[in-house]
Amino acid sequence: MLAMRGIAKRYPGVVALDGVDLTVESGEVHILLGENGAGKSTLMKILAGAVARDAGTIEVAGKSCGMATPRAAQQAGVAIIYQEFNLVPHLTVGENILLGREPASGLPGFIAADALRREAQRWLGELGIALDPDARVADLGVAEQQMVEVAKALSLEARILVMDEPTSALSNAEISRLFEVIRRLRRRGVAIIYISHRMEELAQIGDRVTVMRDGRHVATRGIPDVTLDELIRLMVGRELKEQFPARRTARGAEALRVEGLTRRGVLHDVSFTLHCGEVVGLAGLMGSGRTELARAIFGADRIDSGRVMLNGRDVAIDSPRTAVNLGLGFLTEDRKRQGLVLCRDIAENTSLASLDRFCRGGVLSTARAEAAATRLATDLRIKAPSIAQAVVNLSGGNQQKVVLAKWICREAGVLLFDEPTRGIDVGAKTEIYQLISRLAAEGRAILMISSELPEILGMSDRILVMHAGRIAGEFSAAGATQEAILECALGPKVAA
Amino acid sequence: MKVPTFIARHGRQAGTVAVFLMLCAVLSVLTPHFLTTSNLLNVAQQTVVNAIVAVGLTYVILSGGIDLSVGSVLALAGVVLGLALEAGWPLPVAIAACVLVGALCGVLNGMLVAFGRLPPFIATLGLMSIARGAALLVTDGRPVSGFDGSFRWLATGELLGVPVPVWCMLAVYVAAHVVLHRTRFGRYVFAIGGNEEATLLSGVPVARCKVGIYALGGGLAAGASVLLTARLNSAQPIAGLNYELDAIAATVIGGTSLLGGQGSVFGTLVGALIMGVLRNGLNLLGVSSFVQQVVIGAVIIAAVLLDTFFKRSRR
Amino acid sequence: MTNPFRTFLLVSLAALLGGCGREAAKPASDSRPVIALVVKTLNHPFFVDMQRGAEEAARAANVELIVQAAEREVDVERQMQIIENLIQRKVGALVIAPSGSREVVPVIVKANRAGIPVLTVDTRVDAAALAGAGGQVATFIGSDNHEGGRIAGQFLAEKLGGRGRIVVLEGIPGHETGDARLRGFREGIRAHPGMVVVASQPANWERDQGYNVCQNLLQAHPDVNALFAANDLMALGALEAIAAAGRRRQVTVVGFDALDEARAAVKAGAMAGTIAQNPALMGRTGVERAVALLRGEAPPVEIGVPIELIK
């Protein structure tokens, strides 16, 4: 049904996809597996016509398709259900399913409400979904909204349906209902591409699995022939040990102690410590509460209970400002939205958190601020024509270095790094690793959240693993393996 | 500052300045009355009120906000000044009261935006009506007029052949420029407008800054009202109708992005001058007032098109 | 900056200005005297009539006439700027309908200094303020708004036999013309104790606001039997509201300005009366006197334009 061959896509400084092949048969549920940043979503965006490819061909049912625009992709029979739904919350289920294709009544411009309801009901019926076509989408739960998306895709006569982590927000009962719908689609001959991190779902629903890593196709296997261990090895399989700097840990005094931190529904009784000179890796799946933990410590989200101690003293961090003044730094997961003022230049971003240092009575010494920025830009090897370059024009790696420069400039002693190498090419990654290592050697305490297990293993002195808002396990660097961490992160369910 | 640094920081204004100079060139060809010292000073004087209101608004827009209340705040502050002078308060005290009222209106705006989490459009739209009503209320709808010579000097006086209001405008711009580029507060204005969340997560007191920004906007509107009142020798509760729109236009023509984070007060000055020169030139040419509105509207649209076009070409 | 767009922008800007220039260039080539008429606004029929009268006079006297106005009637600063710019242009004489009777004083002084004679029409400059600033107005041509209001009040009282419950629609608060009309109106009904103003609210000179305010007041005061509006636009709006309420027979309406539409309404019996100020005559007289002044004839200090009650 679908054949993608030699798909390539490069962004400035990053090769996102490097000649990827993917074929999916009619009536097949094809699992797409890979770590974050492996290139799965870029590949799907190319299929959906949302991103233009640099090379490669796409065939649907033997016919070559350009997929130049989302509309062309839709006409070729491709439908994608993203994690963020594309529904209009204030319209009804029926109106959403048939949005843009409402049955006309006799009067031009008016909608035949009855016909619309019947039509919507028919599609819902085909899928065995019990939903009232007149219900408002905003009043539905996540699982029901997902069903509306599926019905909408079906009504568009989709021959290829992509589902991006469809079960991430569903309960067990809802998951089995979703699987029932997927099996019906499979019987209708729809080709389904199913992206998921949940290993236990593979055997339940998948026919074949393709593993991607670093923008490359690694392997495609039939589900019955593959073991969980093999898949994990294929996913993480890289042998890039040499990219991590050799580190000598000199563990100093306790810098940060968190006890019983709880934020209702998100974090449950989280306790850990962080010492000067130490890098603690924080692993876990998406949605396990890693980012939320960092935000809570940093005062960006309110906590319900628990205490935070810095250098042995109890502190009440009620805002990021307090956190920064107490010597915390937070390198956020999404540097464009939360880390940088993109339209401003390198110098301004570097000094943003530490303007107090360059001010006397509110008057800024631009010369000193710029000198500091220049020094850091040279030190961190930020590649740009000048420090007056707007950071929006920098590559991902250089942008990340600017964020690092901001916290180094602030002389933050406790650093929370959330996915410090996301979306950064391999060369820049190595530089970031060296920087992190150097910061630790200088006596800073570092908590490093990462979804890349080699990174966690290569950089950490200790490793914490989160699952469902709790610390599910702790490993020493010596005693940890990727497999053990992944198992711990997948939670108790996967044992079966 | 090295040359590439300078160009990266001020390249935008070069375009605005070019448009301004070209406008002047065209007008001096079309009418002999344009390029005379007295007319240029005349244009400068006519630009003063809009320019000062616009500089406050530039701060607000740079921070990613908008202030629709400046015209009404100008009227309210103006009548406070008028009533204070009428009641025999000394001039410095009366001006201080006037500016204080303007700044307080701004503080209220800022609190509604920063702590009340109202969209700036809504908060300032509300205050626009409140301030206008208050101005009419305290004066019973009548203009307050007839002030003594020492106050009128603010409008009629000259220093080194240049009218006092023009000096005031230049002083405000120099100060606004210095504050924007040479203080922590100024940096925060850009940062908040560029990315509020990142700024907050960098430990910047965003809410307090916002209150300050709107207070500055209100205070500068009040400052403009002092000069306007002196110029007209009268404080009118209906003064400043739609001045917020002129000020927004000057800001936008000057290259400040309505999305915040990018722009300069210097650009706004040139923007205000472009509007002043346009109106002056069209008057000199004897163009009908209806055509004038068309031309001014076209220039505003062209400026904003330029703005978005420029941004797109950089992506 | 990339160029095609910029070029397009500059070319169109130049074209626009060039167009304006051509429009202005025709008369500028001759050496006829230039007279400028600056009115309050050109989107009110009153001032459009004034412009028409002035144009007739300018044609007859073979002088060049420039007519300009602010976009908004109440924008005194803008009117001041226009006058300043015309002073820069060195026009021969200025005929001004001041937007503010005190606010116009500083710019009159400027014109005086530049040696340009100033004539005012329609609205009188505040005498004390003018004298205080040392300014001079050659002549005032206009009718008395206060007197017009008085006539309207008297007429309404007679029409209703001295017993009336009146709603008044005011112009924009703080506006000299409207205030004078209202003061005159109150004076006109003072002799009739049976005439009571039950409500007096601003409708800002506008027709749609006249409609809305009148509708609200009819709700609040069901016993109203008379309405005075400080201009015809508001009166015409109010007429619609009264008709919509089905109370055309009960409510007697008097307006001000004698717009064509108002005259028609009076003729049709929908409106009881309106005060005619004859703006066209004001405009014509203004230009004629300015021409005479330039020839060296000293005009009288004040020229009255008769007020007429249209009923």
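Couple of notes before you dig in:
Letters A, B and C name the chains as they come in the text, with residue numbers starting at 1 for each one.
The definition used in the following text is that a contact is a pair of C-beta atoms (placed from the backbone, for glycine too) under 8 Å apart; a residue touches a chain by one contact, two chains touch by 3 or more.
Bear in mind that the values here come from a model prediction, so they are computed numbers and not experimental data.
The chains in contact with subunit B and with subunit C alike: there are none. Averaging Cα atoms per chain gives one point for each, and the point farthest from that of subunit A is the centre of C. Subunit B and subunit C have Cα centroids lying 30 Å from one another.
As a whole-number value, the distance joining the C-alpha centres of subunit A and subunit C reads 67 Å. Computed centre separation for the pair subunit A/subunit B is 44 angstrom, with centres defined by C-alpha atoms.
Against subunit A, in their complex, subunit B makes its touches with residues 1-2, 4-6, 8-9, 181-188, 190-191, 194-195, 197-205, 257, 261-262, 314. Subunit B contributes residues 11, 15, 19, 22-23, 26-27, 29-31, 33, 36, 38-39, 42, 45-46, 49, 136, 139-143, 145-146, 152, 155-156, 228, 231-234, 236-239, 241-242, 279-291, 293, 295, 298-299, 302, 305-306, 309-310, 313 to its touches with subunit C in the complex. For subunit A in complex with subunit B, the touching residues are 298, 300, 320-321, 323-325, 330, 332, 337-345, 348, 351-353, 355-356, 359, 362-364, 366, 385-390, 393, 406, 410. The touching residues of subunit C, counted against subunit B in their complex, run 1-2, 5-6, 9-10, 12-14, 16-18, 20-21, 23-25, 27-28, 42, 66-72, 74-77, 80-82, 84-90, 100, 102-103, 105-106, 126, 128-129, 132-133, 172-175, 179, 202.
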